[in-house]
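In the two assemblies presented below, chain A is common to both, partnered first by chain B and then by chain C.
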Partner chain A sequence: MDRVLNNKKAIVFFLFPAMVMFIAVIIVPIIMSLYYSMQDWSGFGKGTFIGLANYKGLISDPIFVKAAVNSLILAVASVFIQLPISLLLALVLAKGVKFEKSFVTVYFVPVIISTVVIGQLWMKIYNYDYGILNLLLRSIGLDSWAQEWLGDTKNALGATFIPIIWQYIGYHMLLMYAGIKSISTDVFEAAVIDGSSWWNTSLKITIPMLKPVLNVSVIFAVTGALKVFDLVYVLTGGGPVHASEVIGTYMVSTIFKGNQYGYGSAMAIFVILECFVLSILVGFLFREREGAKR
Partner chain B sequence: MSRHTTVSSSKRSISSILMYAALIVVAFIQLFPLYWMFTFSLKDNSEIFGGNPLGIPTKWLWSNYSNALLGGNVGHYFINSVIVTAATILFTVIFSVMASYALTRMVFKIRKQMNSFFILGLTVPLHSALLPIFVMLRNLKMVNSYWALIIPYSAFAIPMAILIFSGFMTSLPRELEEAACIDGCSIYRIFFSIIMPLMRPAMATVTIFTFLQAWNELMFAVVFISDVRFKTLTVGIQSLAGQYTTDWGPIGAGLMVATIPTLIIYAFMSKKVQDSLVVGAVKG
Partner chain C sequence: MNKMLVKRGMAFILAGALAVGMTACGKPAGDNTGTATNTNAGNTNAGAGKQVELKFSHIWGGATDPFMPAAKKVIDDYQKANTNVRITVDTNENEAYKTKIKAMAAANELPDLFSTWGGGFSKPFIDSNSVLAIDDYITAETKGKLVNGAFNNLTYNDKIYGMPFFLAAGALFVNTELFDKNNVKLPATYDELLTAIKAFKAKGITPMAVSGKDKWTIAMYFDVMALRAAGPEKIVKTLTKEGSFKDPEFLNAAKRFKELVDAGAFSKGAAGISNDEAEVPFYDGKIPMMFKGSWAAGKADAKDSKVAGKIGVISFPAIPDGKGNAKQFTGGAVDAVMVSANTKNKDEAVKFQMYFAENFSKESYLAGAAMPAWKAEDVDKSKLPATLVKVVDLTKDAEGFTIWWDTLLAGKDTETYLNALQELFMGAKTPEQFVDSLQSIYGK
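Right, the complex of A and B next:
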């Protein structure tokens, strides 16, 4: 058997296609991005090497700073609004309600729908004249609350983030639900015998035992927020006047509309680094907390 | 199992009614946009904009669908999405099963490192590859082709597919392979006639995962495809919405067409769909 599994030719045969694609489409581009990010390059002809000037440019570019802050606001909103809703739903469903599986199935539906479809739908929901949001407000006599949701610099950011947060509530709920279900029922039974209420059990036992899952959820929510592109692109394209700009949309318009290939690449590298640093930070915070408890 | 033994029964029933009410409200919020999309895909503007914005259409206007499919090119975009998605699934599944076999069963020095190398790919955001892939495609004159999407989609699906396949493969008993080996089967024979058939459940998971990624992807599709001949549904719907800004019915029909395949798959295999999206988080 070992002789067969040692077959070098076969190893190369099996690994080659996946390896070539992986290196050509994922690894090489990261290195290229790094290289472009140190160039002043319009996309045609040859670029000139300018060192870290693009990165310095990012810090003093008010639109980039705004985009970066907006992405961070989304990350914070995801962690402190989206995840608590997901957690509450997961806790309630996992304690054993009627039609538990049906609720899980229904709550998950928005996750699998294309972001373009979701974006187009919410654009119609937000429409000033005929959207159902303003329609609802007008029908209950709150005419003055009816607004231009996506077209107004005051509202655009919030109106763009709501569908983003809404779409993935079901995803985190499912992660947490699966996590709770994998905790041994003995633990809960013991708590019941001790007279602990469901609320108390959730706070003192379930949530602490769910920490590894919560850790993953927080990392996904944060990195997902920093990488967000689709829904912002569909709903506002980052406008009006950059009010809802995020790094993803600003990068794409800098490169493909502004022809600043080098500068845009610096943004791509910034996103990778930001995701990497924040993932480590979140992991660190979760471990710290655990250490303090023991 | 009751966890409310200390609460009186009337209080308990009130709180349980409130809880079910809340759960149903959430279910309503999750499904309402889909319901609304379905109804306005069958209405004309006079109903959507005033007469009957929320209810079932008074007259079911199927012509919205023919407008979207033919006039708005959605039929064509749909076929393109099918081609790109099917090819992506095919390449992802075959290449990843092969790689997983080498990474879990075969014996060579840098196996562990290779494994972590692929897993590292899970953390790479699409952003970082967008421009370099565009430049490569431009140099190869491949912008505006099916390959411009199939190759990047497959490459980005491979790390997750390898994670899923490897996890499944380690749980398979080795006896069959050993018996085949004693019978003198070659390694290729073992892989194609023994391993491949056994991998079917994991292939279903990877297929669903890859389908959702490829079918719904927007960023690459927007940048790499501008020729109407190769537009997939996500970019196509964007053009459709630009074309019919004031006529919502055909847009709704286009959105429905893009969503129905996903919903059919979910209706028949909801558990499998959920697992395929969560498995990476649980293992990774």
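Right, the complex of A and C next:
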């Protein structure tokens, strides 16, 4: 087996089909988007080449800047709100509680439910007249707190982000849970023998040993936030008045409602670059930490 | 080293997933609904002609869609009469279809026939030569069967590109029972409308149904108010960029609209709900007024309707200092079926196009689902649903129809208009700022 894998020809032979697929469905579309992004193109007929004008337009487009900022806010919220919750859940569950497996399943359920279903569910929760949130607030006497959640420019962004963050808590929890479970039990046994409390063990042993998983989780959370589209589209469509606009929704309305394929493609390229740069940055930060520790 | 690889791989996979997500709209989904019936293999009818398959994408496939049975019947009938033609139908949900058909046009993969909308929506298709001009196929006889101006929204550069079947007219649907119960007078003037709004509001009833999320429903109200303020000629002229939104008529319309909003005409939760949700209280008999296209009549007359027999139809009243009057309507013939320029069977496709348009128009009217764009004098009105007949009667002596703004304007301009209108609706823009935004359609 080793001989086969050391054979360069064999490597090429086995990787070739995957590489063709990879280039055809991933690299080529990116290059095409790059090409479209430099055109003034309505999506029909021929476009005209305009160089970087679309990118200049992005910077001076207040809606795009707002959408980009909103996406970044979601990225920050994902890392600093969603992941800590996931981590805590994973730590508690991995410690061994009653019905451990069923808890894991329950927390994972939102991940497998269709986004549209979740969107509809939360729309009902947020409904001004009969939504459970407002009903709850009214029933405990907080009438003034009951308000228009998705329809008000003040609340829309937060109200949209909560379901997004909530939905993927289970996903990250599962990653971390599996990560913790894969840590050798010898380590924990040794810690117990040394008299380390659970909290201390978690902080000093589990989390540091979980770093590779955390690294992946952070990258997923950040890139997922930057290209978020589905739930925002279902809940508010980016509105009202662009209050909850993210790059994904703005791109779709620009391309398919505004017929500006070139401009929309520039946004797509922007997101790709943004994700790429931030992934590398996250990886770099994690490596720095590791280096410093040693 | 391994970790590096993992990281790099991860980055690539992420970028890849992203790219796939962005390009996934490119291909039409193959959700063909199999309404096509295979022709009998043993059929030896003379002149059956060569076998032809026509692909037809449309939007009347939903189980509760009032047009679904009519569309199915017309297509089935045609296939029975023309055994050499097999029609493969692909049905879609309305909003998703708008995106899909654009993507198909962009990829040069339009089906032989497709349902679409006249005015600005189809203009890019015409400009990219994706649609077959059908002037040569339209006889004087055909024209005579259609109502006047039926081709207005389907004519581009003096050529006709599509066949219309529905006539749509905007009207104010009112729940007469709610008006009677609360002792409110049906509004004949603008002042009476304001009074009615305030009266309902005072009783804790939301006066008018609208969805702030589906922006076109706000435009239903504003379009007609602008028509009342400026009159039809000025509207068309200004929207086709031969005038100015800075004229006082548009500011008047915007101010009146704001007046309705400020008077509490719309529900506080309107901005966050979709059209489907917004309509529910009206059809449940909880909201007394809704300005919508004539299609709303179909739902009011539906079998399980809670408001059947209670809905009246009136024209939106003239507004003070307005140049228009209550006999002018928003709407016209917009829905159409077009033939792709790339079809392999031009004659067969156009033949079916004509048949479909005429018979779909008639069947839909008979089903009480829409006003017909084809003259239908021989139809027995007594069997038709009451609300629809009311709309037809209301618009019988209409001075004219002015198309909805979001249909007449193209792509980007439509978005500019609808976004600005949403901002006016939400109070994020003053009427003055609103007309400034509209003027930006002219490119400053």
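We adopt the following convention: the second predicted complex is superposed on the first by the 267 of 294 C-alpha atoms of A that agree within 3 Å, B and C clash if a C-alpha of one lies under 4 Å from a C-alpha of the other, contacts with A are read in each partner's own complex, and residues count from 1 in each chain.
The working rule: a contact is a pair of C-beta atoms (placed from the backbone, for glycine too) under 8 Å apart; a residue touches a chain by one contact, two chains touch by 3 or more.
Everything numeric in this text was worked out from a predicted model, so none of it was measured.
J.: Is this a clash or a fit when chain B and chain C both end up on chain A?
T.: clash
J.: Which of the two partners, first being chain B and second being chain C, lies in contact with A:I280: first, second, both, or neither?
T.: After superposing on A, A:I280 lies in contact with chain C but is clear of chain B.
J.: Just chain B (first), just chain C (second), both, or neither: which does A:V216 touch?
T.: So A:V216 meets both chain B and chain C here.
J.: So in the superposed three-chain picture, is A:Y250 touching just chain B, just chain C, both, or none of them (first/second/both/neither)?
T.: A:Y250 contacts neither chain B nor chain C.
J.: Applying the document's definition of touch, where does A:I30 land relative to chain B and chain C: first, second, both, or neither?
T.: After superposing on A, A:I30 lies in contact with both chain B and chain C.
J.: Who does A:L89 touch here: chain B (first), chain C (second), both, or neither?
T.: In the superposed model, A:L89 contacts chain B only, not chain C.
J.: Looking at A:D129 after the superposition, I want to know if it touches chain B, chain C, both of them or none. Which is it: first, second, both, neither?
T.: A:D129 sits against chain B and chain C alike.
J.: Between chain B and chain C, whom does A:F22 touch in the aligned arrangement: first, second, both, or neither?
T.: both
J.: Using the touch definition from the top, say if A:I272 reaches chain B (first), chain C (second), both or neither.
T.: In the superposed model, A:I272 contacts both chain B and chain C.
J.: Is A:N259 touching anything from chain B or chain C once the two structures are fitted on A? First, second, both or neither.
T.: Once the two structures are laid over each other on A, A:N259 reaches chain C alone.
J.: Mind telling me which of the two, chain B or chain C, contacts the most residues of chain A?
T.: B
J.: Give the stretch of chain C that clashes with chain B in the superposition, choosing among 81-89, 99-107, 351-359 or 387-395.
T.: Residues of chain C that clash with chain B lie in 99-107.
J.: Name the residues of chain A shared by its contacts with chain B and its contacts with chain C.
T.: 22, 25-26, 29-30, 32-33, 43, 123, 129, 216, 220, 223, 227, 229, 251-252, 256, 261, 268, 271-272, 275-276, 279.
J.: Which stretch or stretches of chain B touch chain A in the complex?
T.: 1-7, 19-20, 23, 26-27, 29-31, 33-34, 36-37, 40, 48-50, 53-54, 91, 94-96, 98-99, 101-103, 105-108, 114, 118, 121, 123-133, 135-136, 151-152, 154-156, 158-159, 162, 177-178, 181, 186-188, 190-191, 212, 215-216, 218-219, 222-223, 233-234, 237-238, 241, 248, 251, 255, 258-259, 262, 266, 270, 273-274, 277-278, 281-282, 284
J.: Along chain A, where are the residues that touch chain C in the complex?
T.: Of all residues in chain A, those touching chain C are 22, 25-26, 29-30, 32-33, 42-45, 123, 126-129, 148-153, 156, 212, 215-216, 219-220, 223, 227, 229, 236-237, 239-242, 251-253, 256-261, 268, 271-272, 275-276, 279-280, 283.
J.: Residue numbers of chain A touching chain B in their complex, please.
T.: 1-2, 4-8, 10-11, 13-15, 17-19, 21-22, 24-26, 28-30, 32-33, 36, 43, 89, 92-93, 95-98, 103-118, 120-125, 129-130, 132, 135, 166, 170-171, 174-175, 178, 185, 188-189, 191-192, 195-198, 201, 216-217, 220, 223, 227, 229-230, 233-234, 247-248, 251-252, 255-256, 261, 264-265, 267-269, 271-272, 275-276, 279
J.: Which bits of chain C are touching chain A when the two form their complex?
T.: 3, 7, 10-12, 14-16, 18-23, 25, 98-99, 102-103, 105-106, 124-125, 127-130, 212-213, 215, 267-273, 277, 410-412, 414-415, 419, 422-423, 426, 428
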